[in-house]
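Structures follow.
Both complexes below contain subunit A, partnered by subunit B and then by subunit C.
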Partner chain A sequence: MSNVQTKPLLQVDHLSIGFSQYVKGTQKRIIHPIADMHVEINEGEIVAVVGASGSGKSLLAHAVLGILPSNAIFSGKMLYRGEELTPARMEKLRGREISFIPQSVNYLDPLMRVGRQVQIGLDPRTARAQQEKLFLQYGLQKNDGRLFPFELSGGMLRRVLFATSVREGVRLVIADEPTPGIHPQALSEILRQLKQFAEDGAGVMLITHDIISALEIADRVAVIKDGATVEISEASAFEGNGERLKTEYTQRLWRALPQNDFDLEFKREAVR
Partner chain B sequence: MTKSIVFRFIRVITLLIGLSILTFSLIHLSPMDPVNAYIGGDSSASPEQIEKFKAYWGVNKSPVEQYFTWAGALLQGNFGTSLLYRSPVLDIIQSRFLTSLALMGVAWVLSGVIGYLLGTVAAMNRGKTIDKIIKWYSYTLVSTPIFWMGLILLIVFAVWLKWFPVGLAVPAGVLESDVRFIDRIHHFVLPVLTLSILGGSNIAMHTREKMIDILNTEFIVFAKARGESSWQIFKNHGVRNSIHPAISLQFAYFGELFGGSMLAEQVFAYPGLGSTLTTAGLNGDLPLMVGIILISSLFVFTGNLIADLLNKIVDPRVKGAM
Partner chain C sequence: MPLIGENLGHYYQKDRWIIKDTNLSVAPGEVLGLSGYSGCGKTTLSRILAGYISPRIGRVSIGHKTLERRAFRPVQLIYQHPEKAINPKWRMRDVLIESYTPSQDILDAFEIREEWMNRWPVELSGGEKQRFCIVRSLNPATKYIIADEMTTMLDAITQARIWHAFLGICKSRNIGVIVVSHESSLLNRLCDNIYKVGSGG
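Right after this comes the complex of A and B.
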């Protein structure tokens, strides 16, 4: 925890996202996958956002970037560097100050060579050299830039996605599940790189359900359940039996991990 | 590559054999009598003369025997002589095909360009007024019969406004050598317009659907998240991913274009392959009719073949499978 600032880099308050749906032809109804979400990220800080699949973690990322589907309705407050994050501002910031690492390799254009995809958004004069440097940094061959996504393995594609996020002047990195399907060595490299973003002064939102990996680098952890923030705790509170965690849900989540007592609750239930 | 071309070559040969058998059987079953068609209204021919004709043409032989005689002549490049025009079928097809080719070629390019642009604009502005206008326009035209469209254009531009001539490819009563290029263009505009307007709306609808699919994919969401503008998204990802289905569609459209030009040529009395086929059919000119059918199926097949081969160049994923 390195921050003593008054204004967080990103502040999300009471975020609610709904989708209008048509049921039975003409009847419209609104579903709310995100009801009451809070997150706060300071400069130089890594905040892990953890929660089960379908808890609305990715939607949070998409809301901050302004890339929700067109039928989404959202309310609540989002502040970036103390100013409201309007759609127009999102459009200006994304890809420049806010960079996004998506969760699936389907986020790459299937018909564009991967090197070229990394070059998008870079200064055209130096794009090629920068891209080759990034590939080297992430353990990709220079020739790999000539390949199409279908010619690379899943782990390599993840590293390509990572390379697209590295930009001069990035202040906030949103990584949406960047780790699954990656071998341990590359995993630690990715965590190291996220850490590097934070050391360079950027805020990092690490969306994941891999709590153990996230705790290696995170300063704070936000726990999400059913579209609402359950608890935000210091990463250091996740230790032992989780006595320092504030809510029962988080304690149970922590203890349910294989590395911890895993079957504690289960035993008690079974005895009853 | 070579393998797939050889494979397709075999396919076109079997296609032509099948087609020739089919047309031959259909014609054999039809009430059209080639001898009658040849003699026409001339009732002075005596029964003996007619018998001589039948023997000379081999009409009395069995259908199988007739087919092999005919197919054998075809293989030597002999398509026979047109009963109606009294000249070799191939010569007629050649001259008519050039007229039609200009008509279809221009309509093909125009409808492709117009359709692609309209479809893309509609998809990029989905739900907005411009999309609604393009959709409404395309739906209306897609359900419009081509001959009706031709008649409407004739009524408005040729009869009321008198901007364009009512029909034919050149002015009537003028020597071939005196026909100016501008006259040909003048006669050319309305048929081309008919074909392009209808074809374009068809392609616009297909392009719009395809483009909407593409715009909903995750890689477009990611492109947006990386700060690409609408134009950049279109330029970087939209064209690349939509051009491949658009090209197949465009070449596969050869067949439809051919059918359309047949009707349009009829409406505008435009002396192309289509109107010649109609004339041949109505007057029982069998050699000419069969010739046109075979040549035009070859033409449509070529369209599909080109579509296939081009796909492989545009889409790197298909390359490995060749």
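Right after this comes the complex of A and C.
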């Protein structure tokens, strides 16, 4: 919600990320999946980041956290609470002030019981009770904590991943696709929690394809295409046929939802 | 010859039944939706139908014949997480042609670019990897395809395009499709019938 004190929490400006690849032997080349990305998140604000798959949304998250692969080269400006985000600072902040919900359930340790994984970073005296409370909150059973990741379904693993992000003192939450594969009830619990983060004054970056769910809680929506920010709009602009959206790409994205026209895209193609 | 699951029941831990007394059938060319809670057994049911696990009780058959082991599986399963279904140490080209060599038309239909072929799986996004998984499931001998949350990691435009291409091919080859998803609006768009898994949880 647009609070009275809207201080920018995270500012990303002209971010560009390249990867050096070996082509043949020692020949290198550089590819640039992210060319010009900018995003700003205020305290207490939820910004949804949507866009084509492969457009670099996850890379944006990884850049802010400082967990890009070692062959990445990046330039641009990233400010967190008005100060530059240096690699040393990122390392200090991530997992503490900046919490991250990764996209792939592969990020869980396959050899550790899921309950233990959620307890990491919690106060050891109360960790267990807190973890059980979180499980209950997200509709997981108490004895699910004894299971290993392979014994849980995709949607349950999502909720475990989400539970790992709920910590005291979190100021910025970066959620990379936290919602696919979970049923509506668990989904609304996750949305509620994200909103709770924002109400407690944290900024939330919600990377997602599920525009409909994101709109329930987001204040603004940043649209990414081919590694650049093409549009930042108020969430309220996503309505009707998308007349209030600024770019053609965003309008198409909006209309292609199954809730909207879905096959409009092909009707046009069929005519061509 | 419809794909039929009769009286299926399965658990991983003794007596914690995930699915029980489940009956369903899909005809060639039919599109059946599977919906239900996360953790209710949709993926388990998919894996049983595809022959990856044998159910504790019940049987799966195509035209009254049970599925043959050690042969090409006429029921192909497309997983929810493509990164878990692809050998991380193979280049994408090898992943693609392991089962058969797809024609350029199919590659174009799913917008698979030549430049992706020499990359490693980690160098592609989830959505890009999923396209390879879809194409490799379309072996000429495939009779049924189970799409388990196939497009949840895709943006809306790509999702619409991929379903259009995918169902187009399936209809033309008379392949029966099971669509597993939570998104009821998507199921309503795609499916002839919808089956709810695990009544009550």
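FYI, the second predicted complex is superposed on the first by the 254 of 272 C-alpha atoms of A that agree within 3 Å, B and C clash if a C-alpha of one lies under 4 Å from a C-alpha of the other, contacts with A are read in each partner's own complex, and residues count from 1 in each chain.
The rule is short, and it goes like this: a contact is a pair of C-beta atoms (placed from the backbone, for glycine too) under 8 Å apart; a residue touches a chain by one contact, two chains touch by 3 or more.
Keep in mind it's a predicted model, so treat the numbers as computed, not measured.
Enquirer: Between subunit B (first) and subunit C (second), which does A:I73 come into contact with in this model arrangement: first, second, both, or neither?
Expert: It touches nothing on subunit B or subunit C.
Enquirer: Just subunit B (first), just subunit C (second), both, or neither: which does A:R252 touch?
Expert: So A:R252 only meets subunit C here.
Enquirer: Of subunit B and subunit C, which one touches more residues of subunit A?
Expert: After superposition, C is the partner touching more of subunit A.
Enquirer: Applying the touch criterion given at the start, work out whether A:R96 contacts subunit B, subunit C, both or neither, answering first, second, both or neither.
Expert: After superposition on chain A, A:R96 lies in contact with subunit B alone.
Enquirer: Touching A:A129, do we find subunit B (first), subunit C (second), both, or neither?
Expert: The answer is neither, since A:A129 touches no partner chain.
Enquirer: For A:S58, is the partner it touches subunit B (first), subunit C (second), both, or none of the two (neither)?
Expert: second
Enquirer: Classify the contacts of A:S104 with the two partner chains as first (subunit B alone), second (subunit C alone), both, or neither.
Expert: It touches subunit B and subunit C both.
Enquirer: Could you look at A:A186 and tell me whether it touches subunit B, subunit C, both or neither (first, second, both, neither)?
Expert: second
Enquirer: With both complexes overlaid on chain A, does A:F148 touch subunit B (first), subunit C (second), both or neither?
Expert: After superposing on A, A:F148 lies in contact with subunit B but is clear of subunit C.
Enquirer: Determine where on subunit A the residues touched by subunit B overlap those touched by subunit C, and list them.
Expert: On subunit A, the residues that contact subunit B in one structure and subunit C in the other are 104, 106.
Enquirer: What residues of subunit B sit close enough to touch subunit A in their complex?
Expert: Interface residues on subunit B, with respect to subunit A: 127, 217-219, 221-228, 232, 236-237, 240-241, 244, 315-317.
Enquirer: Name, in rising order, each residue of subunit A that touches subunit B in their complex.
Expert: Interface residues on the subunit A side: 62, 65, 67, 70, 91, 93-96, 99-100, 102, 104, 106-112, 120-121, 148, 150, 164.
Enquirer: What does subunit A use to touch subunit C in their complex?
Expert: Its residues touching subunit C are 21, 50-55, 58, 103-106, 151-156, 158-159, 177, 180-187, 209, 211, 252-254, 256-259, 262-263, 265-266.
Enquirer: Tell me, which parts of subunit C touch subunit A in their complex?
Expert: 12-13, 36-39, 42-44, 80-81, 83-84, 123-128, 149, 152-161, 164, 182-183, 185-186, 188-189
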